[in-house]
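Right, one structure below, let's go through it.
Chain naming follows the written order as A, B, C and D, and within any one chain the residues start at number 1.
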Amino acid sequence: MTYTLFIILLPLISFLVLGIAGKWFSHKTAGWIGTLALAGVTVLSYYAAYEYFFVIGRDAVTGAFERQVPINFCWLPFFDQGLHFDMGILLDPISVMMLIVISTVSFMVHIYSFGYMKGEKGFQRYYAFLSLFTMSMLGLVVATNIFQMYLFWELVGVSSYLLIGFYYTSPAAIAASKKAFIVTRFADLFFLIGILIYGFYTGSFAFVFDTPEGLASYAQAGFILPLALTLMFIGGAGKSAMFPLHIWLPDAMEGPTPVSALIHAATMVVAGVFQVARLFPLWVTYAQDWMPIIIWVGVFTAFYAAAVACAQSDIKRVLAFSTISQIAFMMVALGVCTELQTGHEHVGSVGYMASMFHLFTHAMFKACLFLGAGCIIHAVHSNEMNAMGGLRKYLPLTHITFLVSCLAISGIPFFSGFSSKDEIITACMAYSPAVGYIMTGIAAMTAFYMFRLYYGIFWGTENKELHAAHHPHETKVMTWPLIILSIITVGVGAYTTLAGFGMFDGYSFGSLISADGQDYRIHFDTSVALTSTIVAICAIGLATWIFKGERQPIADKLYATFPRLHRWAYKRFYMDEVYQFVTHKIIFACVSKPIAWFDRHVVDGFFNFLAWGTNATSNGIKTLQSGRVQQYALVYLVGTILLIAMLLIF
Amino acid sequence: MNITIDYFLILSAVMLGAGMYGFFTRRNTLAILISIELILNAADINFAAFNRLCQTGIEGYVFTLFSIAISAAETAIAIAVMINIYRMLKNNYVDELDTLKW
Amino acid sequence: MDYSQFLNMGQELSLLAVILILFVADLFMCTDRKSGKGVLNTPLPVILLTVHTLLGLAPLVCPCCVADATAFGGMYVSSNMAIVVKTILSIGTIIVFLTAHEWLKQPEMANKQGEYYTLTLFTLLGMYFMVSAGHFLMFFIGLELASVPMTALIAYSKRSQESAEAAAKYILTALFSSGLMLYGISLLYGTTGTLYFEQMAPQISATNLVQLAALVLFIGGIGFKISLVPFHLWTADAYQGAPTAVTSYLSVISKGAAAFVLFVVLYKVFAPIIDQANLLFFWIIIFSITLANIFAVRQKNIKRFMAFSAISQAGYLVLGVMGATPQGMTAIVYYLLVYMVANLGVFLIISITEQRSGKLLISDYNGFYRTNPKLSFLMTLALFSLAGIPPFAGFFSKFFMFMAAFKAGFVVLVLIALVNTVISLYYYLLIVKAMYINPSDEPIPTFKSDGYTKLGLVLCTLGVVLIGIISWFYSYIDQFSFGL
Amino acid sequence: MNFLSLFVLIPLLMLLGLWLAKGVKAVRGVMVVGSSLLLVLATYLTIDFLAQRAGGNTAEMLYQASFTWFEPLNISYRVGVDGISVAMLLLSAVIVFTGTFVSWKLSPNLKDYFLWFTLLSMGVFGFFISIDMFMMFMFYEIALIPMYLLIGVWGTGQKEYSAMKLTLMLMGGSAFLMLGIFGIFYGAGGQTMNILDIANHTGGAHPIDFAGQCIWFPLTFVGFGVLGALFPFHTWSPDGHASAPTAVSMLHAGVLMKLGGYGCFRIAIFLLPEAANELNWIFLILTGISVVYGAMSACVQTDLKYINAYSSVSHCGLVLFGILMLTTTSTTGAVLQMLSHGLMTALFFALIGMIYGRTHTRDVRLMTGLMQIMPFLGVCFVIAGLANLGLPGLSGFVAEMSIFVGSFQNADTFHRVLTVMATCSIVVAAVYILRMVGKMLYGVCTDEHHLKLTDATWEERFAVICLIACIAGIGLFPSWISSMISDSVAPIIDAVKQAI
C-alpha cells in the first residue's frame, strides 16, 4: 500500500507550491490547487480505508486487524545502543480511521473556505497553511514511532500557530497564536522528556516493544515506563486542552472559523487522545495503576469546561469549551478501559472503542457546528450572541444542520453522538458507577448549554436593527459542507443506533475499531441508554424553558440570583489571569530580568572592572616616574639592594 | 703592622657610600658629577688593591687605568651637556630638570 | 705578536674603516644650505654600511675564513652567533639612517650631519666589542663606547631643552649604573682573581655572597642598557627627549646588543649560580612587563609610549635568558630581529610624520587613516607584529620565546607574560583605534614621504611579513645557538 | 601541497586581488569569484570525502599532507580533514559566500573592509584544515584580530568599546590556550605538534600524565570556550554582535564561535581524554547554566541583536554541552548544532541587518507591522525564528534532538538533570522568538517613516535564500551529514571512554 505515501506528499507539494509561488496565483487558482490536492488525499484515504478494513487488514488466522507498515526508513540515526529516528507509514484501525476523519473534515473546510475567505488578503497563504496542517496531521496519525509522532506533533503546533495568527494585524490574534504555541510547546517539553526516558529504557522509539531486551531493560527500571507514559500524556493533555493546559484553546478561536472547525474542533485537538490510544497497549500492560490520572484529569476537565460553556456569550467560545469537554469524555473513556480483550464478557475493554468512536462522531458534528457558526458569523459579522437571535428565518439550512448537530452532541438517539456517548458512559459504569453518573451529569450539562446556544442563536431575542442593517443570508458553497456533515451525523447515528438496539446484526463501529482489533459488536446497555437519553431530554427541556422565549425572565432571574457564579464562569474561573501572573510577574519579572541584570552588571561588570582597574593603577603609580633623576638613581639603588637581599634570603 | 685588604675595602666602601650620598643629596649637577667620580674611584681602588694584595698579574691595574680614562671621557661629555643646559636654564640645578615625567 | 689575529675581528675593522671614511668625507665636504652635505646624507653611509654588513657575513658563507676565533689573548672572542647578531645590529643601523635622513635635511642640522653618522657608528662599534667580549675590560670598554657617544646623540638638537634634559638624565643615570657595575666587577675580580670569562666561571659559587652581590650589580649595569625594571626609569624621558631618529636607534640596537651580552655572560661566567640569576630575572621580568604595560596604557606622547612598549618588549626579550638554554638564545636573537624590524617600522612612520607635521601626540593621529591610508596600514602591521598577532613575525617570535621559557620550566612566568600580552595588545590597539576609528576635525594632512623612508618602510614591512612565515631565519639562527 | 591548502591559498589570492583591485566593481568581482570558488571547493571536498568513505577509506584524517616548517621545534605544516572539519568547512564557505552578498553595498572603503573580511575567513579555513597545534593556534588568532577593525571601523553603536572588549577577552582566552598547547606539546614529549600523533600514542599509557592533563584541560577548554561563549566569559558576545556590521556578525556568530566548539573537541577532549572524563562535570555545569541563562536573558532584551546574541549564547552553550556529554550521539548532535546554529544565526543576523538598514532601529518596541511592508524579509524572519526554536524540517530540530537523546544516554542523575534543564531552553526559545516576531512583524504599521520602506534587493534575497536552502536541506535530509560526522566522532569518543 505504498501509495499511501501520496496521502502525505500531496498536501506537502501543494503547500510548497502555494507557499513559494502563491503570490503569483489568483485566489481562485490557489484555492483550487489546495482543494484538488485535498480531494486527492480524500480519495486515497477512502480507498486505503476500504482496502485496509475489508481486503487486507484482517489477519486470516486470528481474525484481528494487524498493523501494516508499507513504508519505514531510518531518517536520522542515533549512534548509541542502536537508537534511530524512523519515518514511515503505519496503518492500523485507528490511524486509518483518523485518515478518514482528517481528510473528510479538511476537504469540507477547503470547500467551505472558498466562500468564507472570499476576498481575504492572503488567501493563498491561507490555503498553503491549510495544506501544511493537513500534511502534518496526516503524518502524525500514520507515524510509525513516537519520535515521528513528536516531529509532526511540533509541525501541527506550528501550523496551528500560523493559522490562528492568520489575521496578523489584530493584536488579539497575535496574542492568541503566541499563547497557543507556547502553552502546547510547554506541554511538548514533557512529551519530549518522556520520549527520552522511553527511548533510553526500551532501546527503541517503537509504539510496542518488538525487542525482548526492550522489555528486559524495562523490567530493571520499575516505575520508569509509567513515568514516561505519564509525561507523554502531559504532552497529549497540552494538545488536547486538558485542564490546566486548556487555556490556549478558547483564545485560539481568534483564527478564521473554518480553521477552528478543522484544527481546534475536529483534528488537532484530538491528537492527545490519539496519542494515548496509540500507546494504549503500553498503558494497559505496564501502567494500569497510573491510569486514574487520565480519568480524573478528564473528568474534571469535562465538568469544568461544561460549566464554563454554560456562561459564555461568544458562540465560538461556547463551542470551544464544549470541544474541551467532549475531548475530556474521550480521555475518560480511554482511562476507564482496563483490558485489551474484547467481547461481551470483557466490558472493561469498551472504553477504547468508545473513545475512538466518539472521536469520530464528535469530529463530524463539531465540525458541522463550527462551520455553521462560521455561516452565522459570516452573516451577522459578530461572534456575540446578543447580535443574533431569531436567525432561523434568515439561515434555514444552517439552522437545520446546527440543530442536527446539537441533537447529536446532546446524545439523542438516532444521532451519532448518542451511540458513542452511550458507549462511553457504559464503559465508565463498568469501571465505577461514580464516574458513570458524573459523566451522565456532564452529558446533561452538555445538552443544556448546547441548546442554550441553539436558542440564543436561532430563537430568543432578535437583534432587529442589526439584521435590518445587513440582512443575513447564506452562501451555497458554504452550506454544502454543512449538509454533507450533518448527513454523515444522522446516517452514522441512525445506523449505529439501530444496530446497537439489535434491530439487525451488521458491522458496527466496534467491528472495525476495538482494543484488540477483534470484531466487537456494539450492544447498548438499555438502562444506561435510557437514563442518558432521559437526562438529555430533560436538559434540553430546561434549556427550551429558559431560553426559547422572546423575553427570558428566568435567565435574567438566574443571573441576578447568582451573579458571582455567573461572573466566575464567564471569566473561566480566572485561569488566564493565573497564567498571566505566573508568566509575567514571576518568570519574566523574577527570573529573566534579574538574570539580564546580573549579566550586564556582575559578569560584564567584572571584566569592565579589570579594565578600569588597570587604568586606575596606571594613574596611581605614575608618580614613580617623577622626572627627578636623583629619584631614578634611588630606585635603581633600592632595587639593587632588594635583589641582593632576595638572593641572600633565598 | 701590615696593611690587609680590608682597609682598602672599607675605604672604597666609604667612598662608594659618600658618592651615592652626594649623588642623592646635591642639587648642583657638577657636584653630582663629582660624587659619581667618587663612586667610580671606589671601584678603581678596589681593582688596584685586589691586584696588589690578592692577585698576581696586572689585570687590575690596567683595568683601573682604562676606567679612569673612560670616566674622564664620560665626565667630559656630561659637563658638555650641563653647559648646554646652563645655557638654556641659566642654572644647573638637577631638580629643575623635570619637564619630562609620568 | 701575531697580526693575523686582527683579521678575526674583520667586522670591527671594516666598521672602523667606514667610520674613518665618513669622518674624512665629513671634513672635506663643503656644506651648502640646501641639501646639507649632499651625498653624505644619506647615500654614502647607507652604501658603506651595506657593504660592511655584507663583508661581515663572509665568515658565515665561505668556509675558508674561520668564524670562531679569538684576538688579544682571548679578550676578543668571535663566534658565528656574534656575527649574526652584529649583522642584525648593522642592518638595524642602516634602517635608522634611512629614518634620520629627513630630520638631518633640516637647515639647522645641515652642518651637523656628519657627526650624527660618525657618533652613531661609534656606538655601534662599541656594541660590536661588547658582543664579542671575552674579558670584562673589553666588555666595559665596549659598553662605555656604546653609551658615551649616545649622550651626544640624545643631546643632538642643541636648541631643544627636552633634548638636553634627556641627555642629562641619561648620562647621570648611565654614570651611576656604570659606577655600580664597575664596583661589582671589581668584587668579582677580587674573588676570582681574573677577568676572563672562561677562567672566572670555575671560581664562581653560590655560597659566595660577594659574588651574588656582584651578580646583581652586573645585572643592574646591563639591565640599565636593556632598560629593565627597576633600572629603566631613564628610558621614558630619554626616548621622549631625544630626536626621533636617535630614539629609534636607542630603542632597538643598544637594547639588543646588551641582551645578547647578558646571555653570554650568564652562560659563560655565572653558569654555576644560574639558579640565582633565574630567581632574579623571574621578578625582574614580571615587573618589567607588568609595570611598563601599566604605564604605557596612559601615555599621550607617542615616543614616550613607544618607550614603555620598549621596556615591556625588553621584558619579553629577557625571557630567553631564563635558564640560558640554546633554544633561549635562538629565541633572543630571533626576537631581536623581529622586534627590530617592527619597532623601526613604527619609528619610521613616527619620524616622517613628525618631520612633515611636527605632531607627536597619539591624539594627533586621530583620523590618520583617512588622510594617509597607506602609512597607517603599514603602521598597523608593525603594531600588530609588536603585539604578537599572526601572521606577522611578532607572533612567531613571541611564541618561540614563550616556548623556550616554558621548556626551561618557568610556567608561571610564561602565564604572567601571556596575560600581559593582552594589556599590551590593548595599548597597541589604542594607536590603531586612533588612526582608524577616532574622528578628528583637523587630522594630519596627507603628505608624501621621501624615498629613504619609503625604502626603510619596504624593508621593515617585508621583515614583518616574511621573517615569521619563512622558517629559514629561525632555523639559520638556531644552528649557531649555544647555551647550557 | 594537496588541494586542502587551496582553502588558504584562495583567500590569499583574494587578498592580492583586492589589493590590486581598483573601484567597487572590481572589488566585488574579486570577492564573488573568490567566495564562489571556495564554495565550489568545499562542496567538491564534501562529495569526494563521502565518496572516499563510501569507498572504504577509513583513515582518521583524509587528504593529509605535511611538510616540516620550523624544524628545530618540530613544528610542521600539516593539513587533513575528517567529517567534522568537512562539515565546518562547508559551513564556513556558505557563510563567507552569503556574507559577501550581504555586505554588497557597505561603505566606506568597501575594499579595506573586504581585505580584513578575507583575512578573517582565511584564518577560519586554515583553522579547520590544520591538524598541527601550532597552525591551529596561528590561524585561530588570524581569525580573531581582524574582528577589531571590522567592528571598530564599520560597526555601529558603542563600537570602540565592544570591539576592544571582544578582542581583549578573546585574546585573553587564547593566552590560556597557548599555555595549554605548550603543556600538551611538552607533556607529550615535545616531539610533535601533530594532533593525531599525540592522540594515537603508541603504547598503553597516555603520554601526558593525569596531573598534567588536569592542568592543561581547563586551560585549553576555557581558552576555546571563551570563543564558544562559555558561561562567565560570554559577555563579549552581546556587545560585539550588537555593534558589528551585518556580515561580520554573520561570520562571527556563524563561523568564528564554532572555532571554540571545534577546538574544545579537537584539542581539549581529544588530546586530554582522562582529564576530560574527570573534569567535564565542572564545564557541564557552566554550559548548562549558559544554555538556560542565555535563553532566559534573551526573553527580556529589546534590541534585536541582543536577543539573537543571547540566543546564540544559549545555542553555543548547547554545543559545548553536547560535546562534554561525551557520547557519540550528543557529540554528533553538537557538531550538527554548530552547523545549524551557524546557518540560522547567520540568517538571523543577515535579516536583522537588512531590517536595521531600513528602519534604522533595532528596538523591537519601535517596530510594528513590518510584515506588511517588507513581506519577503518578514517571511524569512519567521522562518529563521522557527529554525531557531527547533522546528522539525529545519536544521535546529535535528541537532537538538541528537544532543538530547545523546546526553540522555548517560544514566546518572547529574547528567539527567542537566539534560532536562537543557531541554527547557527550547520552550524559552519559543517565548523570545515569538515575542520578537509578534512585536516586530505583526500588527499594523504605524510609523509613517516605516511605511515608505522597500523590500529586499536582489543580492539580499539571494543570500537569504541560500541560507534558508541550506537550513532546510539539513533539516529534511539529515542522515547523510549526521553519519558523516559521527563516523569521525565515534572513534574519538571511544578513545576517550577507554581512557577512563
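Points to keep in mind about this one:
One rule holds in what follows: a contact is a pair of C-beta atoms (placed from the backbone, for glycine too) under 8 Å apart; a residue touches a chain by one contact, two chains touch by 3 or more.
Since the model is a prediction, treat every value here as computed from it, not as a measurement.
Looking at chain A and chain B, the chains that touch each of them are C. Chains that count as touching both chain B and chain C, per the definition above, are A. Relative to the centroid of all protein Cα atoms, the closest per-chain Cα centroid is that of D. Two chain pairs, C-D and A-D, are compared here, and A-D has more C-beta pairs in contact (counted per touch definition above). Averaging Cα atoms per chain gives one point for each, and the point farthest from that of chain D is the centre of B. Note: centroid distance chain C to chain D, computed from Cα atoms, is 43 Å. If each chain is reduced to the centroid of its CA atoms, chain B and chain D end up 65 Å from each other.
Taking each chain's centre as the mean of its C-alpha atoms, chain A lies 38 Å from chain D.
Averaged Cα coordinates give chain A a centre that lies 79 Å from the centre of chain C.
The multi-chain contact residues of chain D, meaning those touching 2 or more other chains, are 168.
Those residues of chain B in touch with two or more other chains are numbered 23, 32, 94, 97, 99-102. Across the assembly, chain A contributes residues 611, 622, 625, 627, 629, 633, 637 that each touch 2 or more other chains. The complete set of chain-chain contacts reads A-B, A-C, A-D, B-C, C-D.
Across the complex, chain B meets chain A through its residues 20, 23-24, 32, 94-95, 97-102.
Interface of chain B with chain C (complex): residues 5, 12, 16, 19, 23, 29, 32-33, 36, 39-40, 42-44, 46-47, 50-51, 54-56, 59-60, 62-63, 66-67, 70-71, 73-75, 77-78, 80-82, 84-85, 88-89, 94, 97, 99-102. Here chain C touches chain B in the complex through residues 136-137, 140-141, 144, 148, 151-152, 155, 158, 161-162, 164-169, 171-172, 174-176, 178-180, 182-183, 185-187, 189-190, 193-195, 236-237, 240-241, 298, 304, going by the rule given at the top. For chain A in complex with chain B, the touching residues are 622-623, 625-630, 633-634, 637.
Chain A contributes residues 611, 614-615, 617-619, 621-622, 624-625, 627, 629, 631-633, 635-640, 643-644, 646-648, 650 to its touches with chain C in the complex.
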